[in-house]
Amino acid sequence: MDYKKKMTMLFALVLMSLTLPVYAGGAQEETEMAKDEVVVALSADITSLDPQGHNDTKSEMVSFLLFNRLFRLNTDFEVVPDLAESWEQPSDTEWVIKIKEGVKFHDGSEMTAEDVKFSMDRSKEAPKVQQVLSEVASIEVVDKYTVKFTTNSAFAPFLYTLVHAGTSVIPKAYVESGDEFAKPIGSGPYTFVEWISGDQVVLKKNEAYFDKNNMGQSSTITFKVIPEGTSRTIALETGEVDVVPELPTIDMNVVKDNSDLALYEKPSTRVDFFAMNTEKAPFDNVKVRQALNYAIDKDAIITVAIDGAGVKAESVLAPSFLGYKAGPYSYNPAKAKELLAAAGYPDGFEMEIMTSGDDRKKIAEVIQASLMEVGIKASIKMLEWGTFIDSVLRGDEETLILGWTSNPDPDATLTPHWFSGNIGGMNFARVNDPEMDRMLKEGREELDLGKREVIYNKLHTYIMDKAPWVPLFVKNNIVGANAALKGVELSPQGLWNLEKLHY
Amino acid sequence: MKGTVLKVENLAVRYVTEDGIVQAVNGIDISVEKGSTLGLVGETGAGKTTTALSVLRLIPDPPGEVVSGKIELDGKALMELPESKMEKIRGGLVSMIFQDPMTALNPVLKVGDQIAEAIKIHQQLSQDKALQKAREMLEMVGIPGARMNEYPHQFSGGMKQRVVIAIALSCSPKLLIADEPTTALDVTIQAQVLELMKELKEKMDMAMIMITHDLGVVAEVCDNVAIMYAGRIVEQGTLEEIFNNTKHPYTEGLFLSIPNIDDRKAELKPIRGLMSDPFNLPPGCSFCDRCDYAMDKCATEKPEKVHFSPDHFVECHLYPDNKEFQLKGGKG
Amino acid sequence: MSDRTLSRKMIPATKKRSQALDVWKRLRKSNSAIAGLILIFIFLCLAVFAPLIADYENDALKMNIIERLQSPGADHWFGTDEMGRDIFARIVYGTRISLFVGVISVSIALTLGGTLGAIAGYYGGKIDNIIMRTLDVLLAIPTILLAITIVAALGASILNLMIAVGISNIPGFARVVRAAVLSIKDQEFIEAARAIGSRDHTIILKHVLPNSMAPIIVFATLKVASAIMATASLSFIGLGIQPPTPEWGSMLAGGRAYIRDNMYIVLYPGLAIVLTVLSLNLIGDGLRDALDPKLK
Amino acid sequence: MIKYVIRRLMMLFPVMVGVIFLVFFIISLTPGDVATIILGDGATEERIKDLREELGLDDPLIVQYGNYMIDLVQGDMGKSYSTGLSVAGEIKQRFPNTFKLTITAIFLSVLISIPIGVISATRQYSIFDNIGMIVALIGISMPSFWTGLILIILFSLKLGWFPSGGMKGIMSLILPAFTLAIASTASITRTTRSSMLEVIRQDYITTAKAKGVSRRSVINKHALKNALIPAVTVIGLEFGVLLGGAVLTETVFSWPGIGRLMVESIQRKDTPMVLGCVIVFALSFSIVNLIIDILYAFIDPRIKSNYS
């Protein structure tokens, strides 16, 4: 036998031995004709199956199917009860919540107030989500189905904190068994089957789900990790996946033009913004900040960075928020130049934009180009996410680009961003303004909606006048799905209620 | 004589390289009788190996090409044969032993297999039978049969040359071409190998071409001698004629440049200069610029053959006019 | 043929000149190497004369939303990108960056790796062992992974990119230089230099290195090509050169989402990379063949 | 022979110790505080301090390194900073995928490049030689993510022959393996060609021809085996290139391998995970090269006798 033949044989053998078992799986899959399975494309792998061990939207999607929280948000971002049966507020700082009776975990055991307290206590300690319940001072078991939360102070948006995945209720007995969420037990509409790291998460319908109105619709939901945007769209076109929650905006037309596919679009609550570090010159000068608000061409950003799938942001929150008020700026390079000259920079200056991620890189490029028009030379510094956050917390940046999605109560976004105590935290512009602090406190403690609206109205005007940010745009959530797929619902955060997906 | 085994007529070979054309062999005639040995003598680059490779039709092409010539081996006109037929002839009718036993054996194949391969090709034997025969061949050249499963690097130089000989003789060729078979060996081993070749030649009744630049080797094994210089045979004759009746100044030069055992004080007289540039051979006699006897016409005219006996001829301008001319023998 | 064998045995000084000539003669025979040389020459011209071809600020950097995503045509030979910048202009200026990054990172690797390799090869023994075993550590990590780790640590910038690609290529150069030095250091003219009392560093710099240049040049040529590729790969991971610098790798990585509808956005920078890398490889291969007398 | 293998394996230890130290050092240069990264937004100073203490981040680098090595020797690769999952478990899941991909790619690449190299050498300067070499070189001249995307568009979107990504069955292996393979085809082709060119000029090839061995057989039996020796070395080195290339290919083809894991971990400054990946990369690269060296013995009997 000559060597060529030997090599060929050897190759064939290795190829076979490598792929036979895998191939068997593939063949099996093809014979399964009935479409009772939904495949969801994820842009990154989930980080944890422990609902208190992650704080990212991918893991959240899975957690929402495996676990329940006391409350949940509907597609309009209104708080609706999930596990909670009823609730009352005996005082400004006390919340008594009764959970539904007879809720069973996936292992068949019943959920009690003991589990709720355990989960909330664990949440307060869990590194990734400890900030969620930071306003909660204590949790007590009142009876088998009732718990009482005590907050540090009057806290209007309290219920909104209980929709976070970090407040999912997990069985105390399971956690104490030490399985470390290798095979998580929850109470949700789907049960865990497997997680193949970097590849997929498979969930199976929970036939014994307590909420008959919100039962899982298809027998299996598989989350497939497809990091590359173009590949995600192609997988949707070839039918390898059924729904793409984060469809690249550039591919919207591909989906629109394909009769087998459907495009879903809904405004989000995420504001992408350009923040200036007010501690650093020249951004300590309000005129400079205002100049930049005039100089940056938001329309261009929307066109280039998100292919038109969004609207201009006129203030630091999305328009749907309580007390929203648009700022006074519009694209006007001439005015920007005037302000710069008034601030003592008629020839502009050099500055640095810091950000992270490919999408933001594009935003940065457009801003860079806009600023060039008014004589400002901006350089872009791209950092890895972890490094970026760390630098931002330390205040290393001159300016930065970031986006922020929050729970629908305005305080959840305004306090982190504008309260002076959060410098070194989420107060990206490092604004230390007693007037702002005062208004923020007033807003969070005011339980009357009408009065709150007025307070926040003023706050918006005040912030936009000081102009530490240039709010850029509010992006639409774009979901691409197979046209035959039913139950595709979007909330301001994106694909929502995944248990309803089915053919 | 028992008939002619090899007859080469007007063979010319050239190499076309990037730097120009090398006229390696320029119209030579050779014939080898059955059972006899022809010594092909000359210095490096004279075209000896090229001549040998032409007989096997193994001139690397490109860059080599046979310009003209007829080669008849055992009555077959080789130049006309298709490659497939030629494969049957190589190793079957004619075999070759190469200069450097160190590189002539494939380092990654067992020696037994290398011998058996030739046997299998030419005698259509099964693998087992061929290996059996290979073992016999190995023993015939004086190597224990058990060593046939070893690899070439496990053998010494002399042993390797014996293996090469075993390969060459494995199919009892009619003609054996030995290209400086002893040059690369130690002096003591040289004699052994020569002796072995001589012995096997007699035993198998082969004809042989012994390519060498060593006149000692020639004296030892050859019946006839052809002296090559720059692609031409400048003098040819029987051993006796060449050694005792030297005619060509180049032949004389060769003799004068070997040390004389009988007279150790005798001064060596090497041939002066280097061989002419093979890219650019002079129009006349190629040897003329190194020749002590050179005349004006040597530089411009090619010398003709001058016969002294049916077998003995020389190509030199000294003789056509004066057949009695005697070389000075280094004394002048 | 015999005279050629002789010429190779001549003394190094004359050998060098005749060898260079010889190499050039043989290189000239290789059509593909010549094609490579011509292409590289064109790219070099583009790099040098970029300002005559296109305006950096206006064509390559300035955003022009109205003209974004235009297909190749008379106004924009290679079309425009998502910000309306002229792709041709960006490619022309990108030539500067790509060649610069390739050459500098290889120079870093060559200087550091070459020094280590030369010392290891020349002194041998313990020093050789220590240097080469240490480099084994670098060698055990695949080049690109090492580069990624280093860029991640230093932060993405042109300089850091060159440092990372340079460092990760050190062991390769050390090995090649060491082998070249080993093959030359025991030759007689080195002995001769030592005999007349030349110092070690003089011997290495004046005698050993110039005579072992051939394989190093080949290796360096090929490595410039792979450095350009590595830069593109790093861009894909998001560790490439920062915008708006027109660099081919980041143009490719940044434009890849447009591959469906506006293929030309990634087609031309891709072709620029392919052609440059290809021609460097062709030159390297041609040189290698031309320098290797065995392959004639 | 066994002695040799053992000695080579022993030599791996100092190398791995060095590799781990090097990576430890490089990652320590990476800006960003792990504790802050893990805790993310809104973490209190106190919590960050606690976590730093818990992870031993305030210890000098050398102490951290020592602790890591002590755990490693006991078979504990630690837990991922970002997910809390066991590094060993994660790698156990991911590495076979990368291995499957790279091995298939190596075989594809060998299958393509050896014949091209051999034919190019036997027909030096012919059209085939020129075109073959240029095609092989174009392979290494294309950025693999670019090639990958083009292949996906062509073969899964337009033609529907292969899945666009993921890891399901032999079909899903082909595109990524091919993408990876073409990047290393050139150097193997190049080496095969030049060593073949050298080999077919050797005396023993003339010997074989003089024996009457046919042209085919001379190439396949006598020349190829000798020419493969240098080619095999390059195949070993290319394995490293392929492992590196896997980083990109795995992303484009959604292949759940260790290359992607490593890059993601670097970006999260997940030191234990990065170290785990690097160890596995370096080990497999070194072991493949050891296997290659042993393979020599089967091709080249001269080397076998040198083992001691």
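Structural remarks
So that you can tell them apart, the chains are marked A, B, C and D in the order they are listed, and the count of residues begins at 1 in each.
The definition used in the following text is that contacts are C-beta pairs under 8 Å (C-beta built on N, C-alpha and C of every residue); 3 or more make two chains touch, one makes a residue touch a chain.
In this text, all values refer to a predicted model and were calculated from it rather than measured experimentally.
Chains touching both chain A and chain B: C, D. Centroid distances from chain A, each centroid being the mean of CA atoms, peak for B. The interface carrying the most C-beta pairs in contact is the one between chains A-D.
Comparing chain C-alpha centroids with the centroid of the full set of protein C-alpha atoms picks out D as the closest. Work out the mean CA point of chain B and of chain C, and you get 51 Å between them.
Centroids built from CA atoms put chain C at 43 Å from chain A. Each chain gets a centre from the mean of its Cα atoms; for chain A and chain D, those two points are 36 Å apart. With each centre defined as the average position of its C-alpha atoms, the distance from chain C to chain D rounds to 22 Å. Shared contact sites, meaning residues of chain B that touch two or more other chains, are absent.
Among the residues of chain A, those in touch with two or more other chains are 230, 383-384, 387. Under the contact definition stated at the top, the residues of chain D that touch 2 or more other chains are 30-31, 149, 153, 201, 221, 225, 251, 266-267. Per the contact rule defined earlier, chains pair up in contact as A-C, A-D, B-C, B-D, C-D.
Of all the residues in chain D, the ones that touch chain A in their complex are 30-33, 36-43, 47, 51, 82-85, 90, 93-94, 97, 100, 103-104, 107, 110-111, 114-115, 149, 152-153, 156-157, 160, 163-173, 217, 220-221, 224-225, 228, 251-254, 256-257, 260-261, 264, 266-269.
Of all the residues in chain C, the ones that touch chain B in their complex are 1-4, 25-26, 29.
Put simply, chain A touches chain D in their complex at residues 2-4, 7-8, 11, 14-15, 18-19, 22-23, 25-27, 29, 44-45, 47-48, 50, 53-55, 127-128, 130-131, 134, 180, 196-200, 224-228, 230-231, 234-235, 237-238, 240, 383-387, 389-391, 393, 416, 422, 425-426. Of all the residues in chain D, the ones that touch chain C in their complex are 14-16, 18-19, 22-23, 26-27, 29-31, 130, 133-134, 137-138, 140-146, 149-150, 153, 186, 190, 194, 197-198, 201, 240-241, 243-245, 247-248, 251, 259, 262-263, 266-267, 274, 278, 281-282, 285-286. Taken in their complex, chain B has these residues touching chain D: 53, 56, 58, 60, 83-84, 87-92, 95-96, 98-100, 103-109, 117-118, 121-122, 151, 153-154, 164, 167-168.
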